[in-house]
Amino acid sequence: MTATEVLSAVRAAVSVPADLRVAVLGVGLMGADHVARLHGRVSGARVAVVSDAATDRAGRVAAGVPGCRVVTDPLAAVADPEVDAVVIASPGRFHEEQVLACIDRGIPVLCEKPLTMDADSSLAVVRAEDAHAARTGRRLVQVGFMRRFDPEYAALRELIAAGGIGEPLVVHCAHRNPAVPAGVTTESIVNDSVVHEVDVARFLLDEEIAAVTVLRPRATRHAAQGLSDPLLVLLETVGGRMVDVECFVSTGLAYEVRTEVVGEDGSAMIGLHKGMVRQHTGPGGAVRSTAVAPGFRERFGLAYDLEVQRWVDAARRGTVDGPGVWDGYAAQAVCAAGVEALRTGRRTEVRMEQR
Amino acid sequence: MTATEVLSAVRAAVSVPADLRVAVLGVGLMGADHVARLHGRVSGARVAVVSDAATDRAGRVAAGVPGCRVVTDPLAAVADPEVDAVVIASPGRFHEEQVLACIDRGIPVLCEKPLTMDADSSLAVVRAEDAHAARTGRRLVQVGFMRRFDPEYAALRELIAAGGIGEPLVVHCAHRNPAVPAGVTTESIVNDSVVHEVDVARFLLDEEIAAVTVLRPRATRHAAQGLSDPLLVLLETVGGRMVDVECFVSTGLAYEVRTEVVGEDGSAMIGLHKGMVRQHTGPGGAVRSTAVAPGFRERFGLAYDLEVQRWVDAARRGTVDGPGVWDGYAAQAVCAAGVEALRTGRRTEVRMEQR
Amino acid sequence: MTATEVLSAVRAAVSVPADLRVAVLGVGLMGADHVARLHGRVSGARVAVVSDAATDRAGRVAAGVPGCRVVTDPLAAVADPEVDAVVIASPGRFHEEQVLACIDRGIPVLCEKPLTMDADSSLAVVRAEDAHAARTGRRLVQVGFMRRFDPEYAALRELIAAGGIGEPLVVHCAHRNPAVPAGVTTESIVNDSVVHEVDVARFLLDEEIAAVTVLRPRATRHAAQGLSDPLLVLLETVGGRMVDVECFVSTGLAYEVRTEVVGEDGSAMIGLHKGMVRQHTGPGGAVRSTAVAPGFRERFGLAYDLEVQRWVDAARRGTVDGPGVWDGYAAQAVCAAGVEALRTGRRTEVRMEQR
Amino acid sequence: MTATEVLSAVRAAVSVPADLRVAVLGVGLMGADHVARLHGRVSGARVAVVSDAATDRAGRVAAGVPGCRVVTDPLAAVADPEVDAVVIASPGRFHEEQVLACIDRGIPVLCEKPLTMDADSSLAVVRAEDAHAARTGRRLVQVGFMRRFDPEYAALRELIAAGGIGEPLVVHCAHRNPAVPAGVTTESIVNDSVVHEVDVARFLLDEEIAAVTVLRPRATRHAAQGLSDPLLVLLETVGGRMVDVECFVSTGLAYEVRTEVVGEDGSAMIGLHKGMVRQHTGPGGAVRSTAVAPGFRERFGLAYDLEVQRWVDAARRGTVDGPGVWDGYAAQAVCAAGVEALRTGRRTEVRMEQR
């Protein structure tokens, strides 16, 4: 048996389509989670490269994944010939450059939100991907709105799409965090937390947001100095539907996401019932209780897994089937209006290009 | 205007049917509750007489009700010409004599369970009321199975009767108390607690119990010395339906009554959902909780009010529309079998006369 | 023996405090319900007089209550010496005159909402009762905001007052009717439906409403021509708390009232969990379900009973312990601002006198 | 360069640990699901070989998996040098021979329940694996009790183990199927359905079952001729705890699994609350509902994925961390007693060897 014969035999034995070799840019909390996910829970992909400005952190993460290399420069990682696809979990200000590099190289990319730092630059990414798609017929960019992959949100959308509650008219959202890191500002609550409800509204109602109003109820004493928390945000769609959002990021309690859609022929709510019912002593006597997830990773862990698995599957087929650059752009445009509404205290119309 | 004319005018002005004048025999916890209920929440009746071996207690209770007299001898209270109807809340060993006195006098009586202390004496009461009804066409005795008046149990029975779950096949009951007074024995758990589930089973399934088995799972460390707590009781109906009952009287937690009926075409459960949902910190993190009633008076307060109001209404019409002596007799017969089953550890058939 | 002596002797003989003799003005749906309630479920009162412009209807209602007379002129009914207290359930435009007549005569009155037709006239009633109270030390008027007597709302207020969720910050309300009668206008939705949420907000938060905004989401196809249904109403309190209200009166489904209060240290919701859980075939497969009340009488029947019982009890003691004229005035002032907000589409400040 | 050197170089170049090459024996419903799971959702393994008596079915399944071969003889599949591990989803009567072959070859095997067809042969498998473990220090066999991997059951066990409800005393289980295939007998309900509750009881209570009683309530009219459905099964543990099981396989409704554990210091229930709450028209009016899973694959899909992923992970480490042969043996011993209890109508003690 010659070496060539052996190699050929080995190839035949392997004979399965090669796993997608992924570069993960940024391995902080979210990026490291994605590495663990791609390595341990997602089929059809492996982490080939990690990149992080903090090289020691990158080294520690790579050490946990056999065959994973550290490449310090993220653009070099995108250009690496042993890389088939990219996950971007770096700080938001680097997203634009990194996504454009992926489009340039023509490889699939899953970019955590935000797509870029403002609506104009997001629109530029839309244009770049359009140009690539015009040449190749392939879209490349998926944005990390992972709630679309959560089984409950997916079921809610399916119900609406199937006409199960008639025409949807009003949506009520609650988005509650137990606490936020120091340095969070009221504007960043709009950009980082409310943005999820913006995408949920667009996803469930299947139309664009036309105007935003942001109200500031009395703040909790647990809020950091100067923070308006909770916020009450009103979204109006181009079709006249309305979405109210309570966004409260210093509840001291738990992570909670609840969405109720009220339609002409019924209503539906997610985020309320989950899991085990316990009976124990509570404040004021015995209670029957269910747990509320302590954080978004517990609440949406399965959604992240499904998001990445489906992104890998689509990437191997040369497609994108999750939220794309337009969704990233639309979210940026709405958040920009939201920040303006926050500053002025007035209803603010969303400025978006025609699709 | 003469005195007579004035009296006549006053009578015309009053001109409403006189309120039912009720004697309450026994004003311990339960009897005092009935006095408060008749006085303050029930329309069409007033407490004319109270009677209790503890005369000071009777005096205190009577003092709170304008126009209410104390009559020490309960049989004298039954015989009192100013008494139209009787509520018996005295210790169970006096019930037989007091109920028979009411039947003798031909006045309506609401008797707390047990009807009497054993099945034979209960059967004697059945015979006595039958004889009275044969002469007058009127039944007189209602037994205090108040759960039949609880809106949830009533709705469950209505659902079954309307065929809403098809033929019922299996019933699961949980009956839980936070604690019981010193002196409670395993036999008395059968007679005083399980008896409610016996009546519930008869009420919901509309047939008699044919056999009882009583099992003793490992006892809680909170149980009093020698007490088998919890118990697992199996009731079999003459039609072959089965009822399992968890009866657990030292949970340390709350008062809980839950009943699930499983039928050929669906199932229904009561006792699980109730009222306000709170979010707060619980064991192991944030929880969403509902309260469990601390005791039977909180859980069944409305049922007691409805029971007594409907008894008053029926008494004024000269009828009984709640559970009657036969129900009291059947419960006694089943509990007698239950106590025997507890002693022998064996399935025990219920011995009852034909109706 | 003089007439007075005879009367006195008769009163002594009866020896129970005389039942409160009530005149019910207006015996349409709501008034007839109050008659049935006073007659059959409330202790300590009886319906002595009914009055209605439709005399045949008044006659039919009176016929069902032994000893009840028809008095055609409502002001004559108020003035009737055999009347001790009044329930006003006539059309709203007659309330002002009837309530003032009761204050003039110095007798207790339970007036269905609205107190009067506008804020100015309500304020005049406040002044009139103030003057009476200054002379006699007694308040006389209770306004029919019966939700305050609903056990769930009462528990929610108690929880807040006890600090159980910390300082309340945001309140979410849903108020849904299956349908409304022909002739209902968008303004009347504010005046007749949203008004309940206005009182709930004031009751729960214990402060006044400072401003109102009314938004009109896309209307359901089930809404009558010209009706903006659903509405989204925002209330801001003087302390900066915010209340959002979805008011949707053509859901085609059921009557639903849900209120969630979000505080600094927890949150609480009522109106979600209730009663029996069924399992049956639903749209799209098997479901586990609880019933939603078909109408407000089913949902709030107990609250009405408790409201009237407590009003009777307080009236017999010479006091008022429910919502008073100030509450009626405040609700009118907020609704007036709401109607203006509806017309202008703008946030509208509430104009109220200092208390 | 020798063939061995080339192979070694190739392995180094590939540089990730080779995926586990799995043979799946039996590709009916369950086996085909496992193939899809290993191929598409499980990381670290690939389906190298499938085997089925129905070779056309095996061919169809293999065609969907790149690099997957069909090997007709299951024992040849076990012996295949390109196979590292085995999943057995063949009919139960073949399990014994196939599991023993895996032990003989010293490779990991995940065997669907039952481990073998009776307790004696299961004990023989226990002995064979013991002998292998004595030589190599490695256990090889995991039995397919996938509920242990369901997040709700896992949380319930964790709660109990952490002392969260005190000492567990009583367990209530409901196991309901919408329908069963023709040919199912009452004995097979015990062996195929109740067996899951047997393992759940052992898993949650962490002790063996000592005795079984099987009761036959009135059967549903939907049951096949001669089938006793529902069954009521009582399990008693060696420590005196009791488990009641309603097993009802012709509900016509949905797949439902509910387990409540009642302890000395609280209780906990799983299987009741799940996901989206809808409001729609139901029987008798509007309802608020949640879906009940139509079948076990929907209910336990995630549990199967987690089971297989964890089995793959453990196999690659050379360990077993799921339920082992002893659990398979214990379940067989309890079911044998259950079948005898079913025949005799009597409480039947479980006969098991000492561990």
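Labels for the chains are A, B, C and D, by order of writing; each one numbers its residues from 1.
Going forward, a residue touches a chain if its C-beta (ideal position, glycine included) is under 8 Å from a C-beta of that chain, and two chains touch if they have at least 3 such contacts.
Note that the structure is a prediction, hence the values are computed from the model and not measured.
S.K.: If you tally contacting C-beta pairs, which pair wins, B-C or B-D?
M.R.: Of the two interfaces, B-C and B-D, more C-beta pairs touch across B-C.
S.K.: Averaging each chain's C-alpha atoms to get its centre, pick out the one most distant from subunit D.
M.R.: Taking each chain's C-alpha mean as its centre, the farthest from subunit D is C.
S.K.: In angstrom, rounded to a whole number, how far apart do the mean CA points of subunit B and subunit C lie?
M.R.: Chain centroid spacing, subunit B to subunit C, equals 35 Å.
S.K.: Using mean CA coordinates as chain centres, what's the subunit A-subunit B distance in Å?
M.R.: Distance between chain centres: 58 Å.
S.K.: Once you find the CA centre of subunit B and the CA centre of subunit D, what distance in Å lies between them?
M.R.: 47
S.K.: Provide the list of subunit C residues touching at least two other chains, using ranges where the numbers run on.
M.R.: 164, 253, 265-267, 272, 278-281, 283-284, 290
S.K.: Contact residues on subunit D for subunit A in the complex?
M.R.: 1, 3, 5-7, 10, 14-17, 39-44, 46, 66-67, 82, 151-152, 155-156, 159, 164-165, 265-270, 272-281, 290, 302, 309, 313
S.K.: Sort out for me which residues of subunit D touch subunit B in the complex.
M.R.: 164, 166-167, 169-170, 172, 174, 215, 217-222, 230, 232, 234, 236, 239-242, 244, 246, 248, 251-253, 262, 264-267, 272, 283-284
S.K.: Note which residues of subunit B are touching subunit A in the complex, please.
M.R.: Touching subunit A from subunit B are residues 178, 253-254, 256, 272, 278-292, 294.
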